[in-house]
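We just call them A, B, C and D in the order they show up, numbering each chain from 1.
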Amino acid sequence: MPKIKLAENTVQLIKDICVEFENKESELINVLHQVQSKLGYLPAEVQEVIAKELKTSVAKVYGVVTFYSFFTMIPQGENPISICMGTACYVRGAEQVLNEFKRQLKVEVGESTEDGKFSINCLRCVGACGLAPVVTVGEKVYGRVAPTDVKKIIAEYHNR
Amino acid sequence: MTKIKTLADLRKMKEEAQSKIKLRENSANPDQVVQVKVGMATCGIASGAKETMKYFVEELEQEAIDAVVTQTGCMGYCYAEPTVEVKLPGKEPVVYGHVKKEKAREIIDSYIKRGELVDGIIPVSFKTIDD
Amino acid sequence: MDTVNLTIDNKPVVVKSGTTILEAASGVGMHIPTLCHMKLDDLNIENKPGGCRICVVEVEGRRNLAPACCTDVSEGMKINTHSMRVINARRTVMELILSDHPFDCLICAKSGNCDLQDMAHNLGIREIHYKGEQSTYREDTSPAIIREVDKCIMCRRCETMCNEVQTVGVLSAINRGFESVVSPAFEMNLDHSVCTYCGQCVAVCPTGALTEVDETGKVIRALSDPTKTVIVQTAPAVRAALGEEFGMEAGSLVTGKLVAALRRLGFDHVFDTDFAADLTIMEEGTELLNRLGKHLAGDKDVKLPILTSCCPAWVKFFEHQFPEMKDIPSTARSPQQMFGAIAKTYFADQLGIKREDLVVVSIMPCVAKKYECGRDEFKTNDNPDVDHAITTRELAALIKLSNIDFTALPNEDFDNPLGESTGAGVIFGTTGGVIEAAVRTAYEVHTKKELPKLDFDELRGMEGIREATIDFDGLPIKIGIAHGLGNARKLLEDIQAGNSEFHAIEIMSCPGGCIGGGGQPYHHGDAGILKKRQAALYTEDKNKTLRKSHLNPHIIELYEKFLGEPMSEKAHHLLHTEYFDRT
Amino acid sequence: MTDYKMHLLICGGTGCKASESDEIKNRLNQLIHDLGLEDEVQVVLTGCFGFCEKGPIVKVLPDNTFYVQVSPNDVVEIVEEHIVKGRPVKRLLYTDPTNDKQISDSKGMDFYKKQIRIALKNCGFINPENIDEYIARDGYQALGKCLSELTPEEVIKEVKDSGLRGRGGGGFPTGLKWEITKNVENDQKYVVCNADEGDPGAFMDRSILEGDPHSVLEAMAICGYCIGADKGLVYIRAEYPLAIQRLKIAIKQAEEYGLIGDDILGTGFNFHIELRYGAGAFVCGEETALIHSMEGLRGEPTFKPPFPSVSGYMGKPTNVNNVETFANIPVILNKGAEWFSKIGTEKSKGTKVFALAGKINNVGLIEVPMGTTLREVIYDIGGGIKDGKEFKAVQTGGPSGGCLTKEDLDIPIDYDNLLASGSMMGSGGMIVMDENDCMVSIAKFYLDFTLEESCGKCTPCRVGNKRLYELLDKITQGKGEEQDIEKLKDLSVVIKDTALCGLGQTSPNPVLSTINNFEHEYHAHVHDGKCPAGQCKSLLRYDIVEDLCTGCTLCFRNCPVGAISGERRAPHFIDQTLCIKCGVCYEKCKFNAITLT
């Protein structure tokens, strides 16, 4: 794993978040949520800082990070694409939509495109089952997506 | 916001708050209250339906009669505009024609309050205006 | 206490409430198999995740099967430990475990000593009905421990040892579902982690997922090299455990056979680490008295308590976790390293050979010793003071490999000059032993009086943290003892907080001390074995004519001829060390 | 204080928000402002109306006009026609699919006719971000009454008498759970609301939290009063940002009114509520796993006992109930146990919220009395199967449940009946499947889910489910062997018997229930190499009918893998060894010359 050096203000940011939660070990998940929302992902170096601040072992932090699918150690693309794989979306063809995204962007689930523009993830039920199959790009939700719509959706973000 | 300090305060507050959504409560259970529908298509408005409606809303409220006053499209009795359909709980709806303020007063006093029919009924008998 | 009536396999049983089905069954001779569950009585160590599901039993009226290890008995319970439903479930669960386990039993380091293998055999598994994908991981080799993660069955015993018992925090369950496995953070190698190599993970692993680095090959090569003189030292705890590898009763003392075996293996001189233990007492004891003296004289710069430093895992532990306290432990090297330093100078000179031509092998109950002898500060011109450290288990393998019938061996004596030891050196192998040995010497040196009684019962036992005050002829000396790094951490935190009143503290990384070391024959979850080994060492001590380190004639000679006096410049150079901040 | 003559309710649930209901609200407000009608017309963003299939929904009061699939572009027309002129915009009305009739009043819709709303009573009715509207609907009256007029014992008795059972899946009597926690002595206890709704296709709890967050807060405080806890924690999925936001607002407002906090309503009772976030682990719906997750650990379940009632969060007695269970509490206490227990069946009282999804016309959120039949739910409320296809099965209980078939359509839904028919109530997901759904694939889909969500702690779930999945995968690939179906059954039984937690113990249910009900489909895959529903790609075969093929080469040109060959104007041929069954040729052929078998 290539080591990255965290900028000083990043380290400070992490420390501040830990302090916000009183450096309590039991607040680990809250801390991880906060840090990921600020940094976008949780690389090893970040986990090391968190472990130190919360006075716990980095193995434990890593154990928690890898347990929960919400946490990621890979930087997300500029436009994170999530395909809902809940049952409702699945029976209405989400898998074909996912395959089309993978084909068009030439990346697998959990990966980012080379230019860093897109990343693909699957998620479980965003609760918009009436619009199945559902795809989200960033905050925006696309409903009733067919494989033929994929190109159009990608194009929307390509030239930004 | 100030803190609610007792159950009695809370109950009082509920009553105040209730008036704000009374319209919603009544529309959810329209069968239990008086329903007044005012024809508000172009023809109706031209004949003063808006004033009629306003009158119903204000008067019913003042007399604390639980009622839902709604507007509706053209009822097809343009000759008799403004037309008003009144439905009392558990009764068939009745449509009145040429309802201006005075007529409205009469409808409220006689029909809505006492259930006594008033002149000016347009015979529709089996259809409501939504159909 | 309340009692509970129940039946197990139709036998009526009365047990205390709060007893588990497993314990209750064991009481009536029904040994329900377990895999993840491990309870080390007296040491307060328990691993009870309820995860393997091998121990399931049928409880009448219950919808599903109950795990015996974590289900408490209740009044009127009717339990069947081997109904068809139970056997079927147990076998299926075992098949599932095996379906995700490599089939290399014949060449596995754990073969013949593997809980998983035994259990598969006992359950009569002859076929795996549910084959499928197997998880594969990179093998991780460190200076002391090998992790073959493919063989991990997620029993979590190592995780419990590493976190709850040792508080080292290197291992954790990671990922989830089929991908889950126990690993260091970021799946890094152990040698990049804060691992102390205490080897307690190895000691409890029920499969071949965690084993020591095998150095028997290197020893064989050295022994067969005609240009080398190969000498061996053997640690105190080895003699109390080696017999177990040859079917002998736990707690059998096999010192004489051990010497005989080593001689037959071809070592040129068979020496004893106990000798170096006596030497350690001379240095460490003197250091204690020096510090104590200055402290009593009001010197504010001197730090107390003094902490023992013979355990390499403990040393690595505080270098990683408490680097700001690295000036508190004694600077004395461990007996293994003192032995190596003396062997490659004093003894090599006696033989008239170069240090490069002398190979020092040590037999240790420990895997961290492998790491210790590789530390740079214990090398001269890149030549280590101790060349190879092998575990008790590796020695047993060597003996078997060399066709030696161990149980039939005669008792033989160690060679001199580095083979003579006192009872004080022997008890280094158990928790409390080092400090007791130090007290025996320090008392007499300080008070210039002879001890009326040599057995300090107040320092002995299996309690994780013990404390005692020893009267040094009017001067009360407060002593602390901790074994298990979690217990050590508590004492360290007290010191950090300024709440420690101890003058001296003995710390051993492994529960029980070296008798419970990561390189010892596997205890398979039976803590009673450790107590028997401990008793054996105290017996050996009792039977020795000399029981105080400062009375060891060869030690006296060593100082006279070579070192001068304890803490002399030469002693400092050869027998003391420094510590590093590893954060 | 303005007395509005007209209220416009816009659904602000996640589904409708995704379809720009915020924008609709903004444009409505703008237009109404431009027309100077802001004193006459109130625009309210509410919680979910339930009729998600046709969202976004805009409801106009007082006439109950129900507009469906409204887009921001429709706003001008709604305002000009309906608000100003009083003429409903006909094209936005809901059309009953059974008779093509337009329905303007939502009361006339079959979707709503058979529903009774208790847990959802305020959803789609009040503005969830305005505590006053909640108070207007009897909000916090139950709490006030409990604190001022009832003892904890009396409240628990009322809850017990109501017959309310846990809505999270297990169906444990709620009052009894409270009583058990109350009777454990400890100076610190906790109330936990389980809002980690993770069943794929289920969104009941989210809708309640989004539409009526105060009902849950009020119930938690009541629970705290009963069991002797002064702290409540809501464990909510991080995937529910809107629900989190609404909860936060609700907590803040309730605190400002002193309805949560210290000395509530002057009674000396203190109760504080905090949020804890899930992080994407289905198993955290299991209460011990949930508690570990709240403690900052991996969400691995532990063996029960001890139950959380005895040793839960931070080792303290903890009462865990799910969102829907809590949402029932204030209504029960306001209207009385007797009223509540009259609804439902003998052993299952009250109503149940279901999330209807899958191949059904009216996807959405419904609340029906216990004892309603599946037929009523699917055909009357759900509007029947999409595209006129034939009903095949409905999965209840999510990945832990099973499928129910045509034979089960007239079973009154309650905890016990569903269990007896091989499924379970679960948290309320209801996925409808039609003739085109392959039941082996459905089982595989659920196993895939369990596999990914298994915590990995116990062998049966970690390895057993993997093996189940592999067997199912093998069968859907046409490589199934004679003994595989038996193996599936045997292994399923052992997993149920030995797994550590509820997730593992129920994970084989979809397999067992599809085998029980559709064994012939499994046999078709294994013995005949056919997928009757035509879903398993590996088992499909495309062939060109020589007589019909004109040799136009269209299929040849479109085949992505070059599996089709043939001369121009002569019949073409598909090389089955190359064909990847993508179906492009089938779609492109203009002469129906390609068959799919």
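In this section, a contact is a pair of C-beta atoms (placed from the backbone, for glycine too) under 8 Å apart; a residue touches a chain by one contact, two chains touch by 3 or more.
Please read these numbers as outputs of a predicted model, since none were measured by experiment.
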Note = Contact-pair count is greater, between A-C and C-D, for C-D
Key: Distance between the centres, which are taken as Cα means, of chain D and chain C, whole angstrom   = 54
Remark   = Separation of the C-alpha centres, chain A versus chain C, in whole Å, is 44
Request  = Measure off the straight-line distance from the CA centroid of chain B to the CA centroid of chain D, and report it in whole Å.
outcome  = 39
Remark   = Chain centres from averaged Cα atoms put chain B and chain C apart, in whole Å, by 89
Task = Mark out which residues of chain B touch at least two other chains, giving numbers and ranges.
result = none
Remark   = Two or more other chains are touched by the chain A residues 63, 67
Remark   = So chain C residues touching two or more other chains come to 173, 175-176
Interchain pairs in contact, sorted by label = A-C, A-D, B-D, C-D
Query = Given the complex with chain A, which residues does chain C contribute to the contact?
reply = 163, 168-176, 183-186, 193
Request  = Would you mind writing out the residues of chain D in touch with chain B in their complex?
outcome  = 1, 3-7, 9, 61-64, 85-88, 104-105, 107, 125-126, 132-133, 135-141, 144-145, 147-149, 253, 256-259, 265-266
Ask   = Which positions of chain D touch chain A when the two form their complex?
value = 13-15, 17-19, 52-55, 198-203, 206-207, 238-240, 276-282, 293-299, 314, 355, 357-359, 363-364, 395, 398, 429, 431, 433, 437, 445, 449, 452, 455
Message = Show me the residue ranges of chain C that touch chain D in the complex, using the header's touch definition.
response = 49-54, 56, 64-65, 67, 70-72, 85, 88-89, 92-93, 96-97, 99-100, 129-133, 153-154, 173, 175-180
Inquiry  = Under the definition above, what is the set of chain A residues touching chain C in their complex?
reply    = 1, 44, 47, 56-63, 66-67
